[in-house]
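For reference, the structure is listed below as structure tokens.
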């Protein structure tokens, strides 16, 4: 008890345990957290299975509450010992750490009982495993991946709005073609748009399928044309990725004058363009 | 009333309101239109749901007519105040604006009642949101995307004809293999071709599936071989996109002599080739 | 009759009509053939529909025989008037022209009646439309596509053997996991391999699906891992296509010494490597 | 008998027969092995079919045992005559050769009878066909493919962990949305995650599908967003492949200073970086 109180007074030491994994205590703490996360995920899997008996369900529920209290204490400790708690609280992992505890408390409010399993969002915390295992190369690859996606984001957003409009149009056309058939799956425009998304993304559940000749012909056209449309995001991501890889190896070109610039340069030596 | 009449006389001011969104009035007008479009789309969703009661349906139908009249007035105003109305009428958005109003009027003709929901084509007008929000970067990305698709178009058209012929052949082969089986899904060549499209594009509804060993073997070959064939449009779009990105950054090479040319050059400095 | 006899004697003129489409007669001939092909395809679609009445079926059957006789005469004419008939007979279109007529004759042999609709292979002849319409740019794009596929072929073949072995292994594992379950879809190894192909290519019919927890877990692993494996042919085709496009614009590099070589060069100027 | 004994004494000659295929005896041996593998695969296919009669099953079972004994002798011979038997035993093909024989022996243990068909892993041995047919170009292409995958592996692993976490979150959200509906397919979190994998990878069996409006809306969002996420491995593999191809043709750039380096260089001439 006294050790814990002493530890609470020694913020830097607490920080080394909670936030870093260089010391044995820090490593032990990190691994304990990882195991707790894994346990809570497995508990959720087993608990929701209809074949699980009531006793086991009760044990697992208790475990969930214990683990959530543990994560809550961990979250409070982080806020307490971090040098800039506000920055942490608003970072990706800060938000995940909070969302990993809140849902279970919220589920105590009768109307919100179904949000309970949202605590599974704590799975995102498993991404910290690369830091714990000191796999910094993997972290870099992760950042490169995110960078590629971030750079493609604007293109992809424009593309998404286009796809949304397209599935609305295709869904409506299909509703006009097949909707008035007896026994048709295309009961309303919403369902038809759902079908259009399922078809254009090549998921193809088959829960809603055309039955008339004209409906099948139109579906075929949508699939073949759609395949090209859906090829676009792959093209976007590929192009960005190749660009990024080239930039990493060969350095960059100035976007204004086209002259080669160093990776560390902040302004083009030739034309002064900000990089 | 008098304000409206005055406004109708002042064409340039009307143009600034209807076509631009720099003035407060123009911005208000644009946002009103966007909201009206969103409302009419939601109305169509709700109205076609089988669970919607008759009263709500009637209200939504009235709303549709009101909104369509509003869009019709807007279209007439645009034709009236645009400096070059003909050019507008034939542009992409001019045609969409017209198609956004016509179907409801056409649906009054008894035989064409089913075309009614085609007015949903007005969803395309939502693409104007980028201009309203002054997200010109997004518009540029959109043009780049369209440019990439346009440049790939010829390749893709050749590819499409090839795919169409291929699915006709594959569908017929499958009809020969499975068509004479009792209880077979492959009842005619049209259905078999529909199956071939569903399979080659990897949509895979599962409404028509082979049941004989030879039919399954042939399907497997089609899938594995088909995967390569269907990889081609992705390759085409990727290649064009990478090319376009390179051109934007590094400038271009003359297609005849291969020498570097500036982006602004209209003729190659070395060999005079038109660019 | 005499005109025809005269024409048969004048081989070069006959060649201009049958093989080229520069003269009005040649153009008329080509368009007649195209229309005949389209008609025969449509006839096959309609004839096999179960809802088609017997009279129409009989008319279409007669039409098929008439068209096939027409294509046979055309084939004989081509063999007769081409300067190098053997080369033609062994070319892609020569073989297609022959296969477009043979199946109907073969179907007269009682045992082979089901091969009848194989004459649909004549659909490939529609590829000639680009030549008839003088869309030579499209023909070039077609050759570029074929070249890209041809250059990727060796990589793709190695990849295919690998995929075949993989689906055999995955299918067997799934048969071991799910095969002995009551009511399982995985009745034998062949069916399991068919499932593995359907899953790995992301077609996903859903006619055969895992029902046990372990089977679903294994399926999930196959899908996620498989997505990367199946991404490979897209990567191969993309890489080849980008390579080809670069080569067309920038010229090539010598594969031995890496120095730039002209497109027309047959030997590297620097090291003498044959290109 | 004596010939065999002599052969067993002459290790180098035995090696030439068993491991190489330059001599007629070696080629005969290799082809015999290939045929035996093909036979055993076909036997497994036929044996597990429910329609196969008992007598044929018994014959095939005997054949399996005979072939497995043959492969066991072959494995022992390889261990016996290879100059470095340990290296062979731990190589990819060494392990495959062992796994090709073990399962049948293991299946004699009552509890492990279901592992029997695992011997199908011997299918991997068919990859040796390229060496037997001396298709070394194909082997090189295979290594290039493996190299591309190996180089992408770290990126793909990071990506996989991300996908695993994502499907856990998506599956749980869907369980919260659809799980408490009467007659819902989403009975537990495990099933929901299985659905999320089937959907995100665009396999789309359709055995589990959303039925509520909100569930379908969420599925649509997952599909459209997911398509971009799933485009990433294709982008990774494409980028690596293009990089590899460039490196093969143009030589490489030093990762530190960016100067060009020869393929054979082990250190950068300019900055001394190890390559």
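General observations
As written, the chain order gives the labels A, B, C and D, with residue 1 at the start of each chain.
By definition in this document, a residue touches a chain if its C-beta (ideal position, glycine included) is under 8 Å from a C-beta of that chain, and two chains touch if they have at least 3 such contacts.
Since the model is a prediction, treat every value here as computed from it, not as a measurement.
To find the repeat of C-D among A-C, B-D or A-D, check which pair has over half of the same contact pairs by residue number; it is A-D.
When you average the Cα atoms of each chain and compare centres, the chain farthest from chain D turns out to be B. Residues touching across the chain B-chain C interface largely differ between the two copies, under half of the numbers being common to both. Overlaying chain A on chain D by C-alpha atoms takes a rotation of 90 degrees, rounded in steps of 5.
Between the CA-based centres of chain A and chain B the separation comes to 29 Å, rounded to the whole angstrom.
Chain A and chain C, compared by their mean Cα positions, are separated by 41 Å. Within chain B, the positions touching two or more other chains are listed as 190, 202-206, 234, 236, 238, 242. Interchain contacts join each chain to each other chain, per the touch definition above.
Listing the residues of chain C that touch chain D in their complex gives 154-155, 157-159, 161-162, 165, 168-169, 172-173, 175-176, 179-180, 187-190, 199, 202-206, 209, 213, 216-217, 219-220, 223-224, 226-228, 231-232, 234-236, 238-239, 242-243, 253, 255, 258.
Chain C makes touch with chain A in their complex at residues 202-206, 234, 238. On the chain A side of its complex with chain D, the touching residues are 41, 44-45, 48-50, 114-118, 120-121, 123-124, 126-127, 129-130, 137-138, 141-142, 144-145, 148-149, 156, 160, 163-164, 167, 190-191, 193-194, 197-198, 201-207, 230, 233-234, 236-238, 240-242, 245, 249-251.
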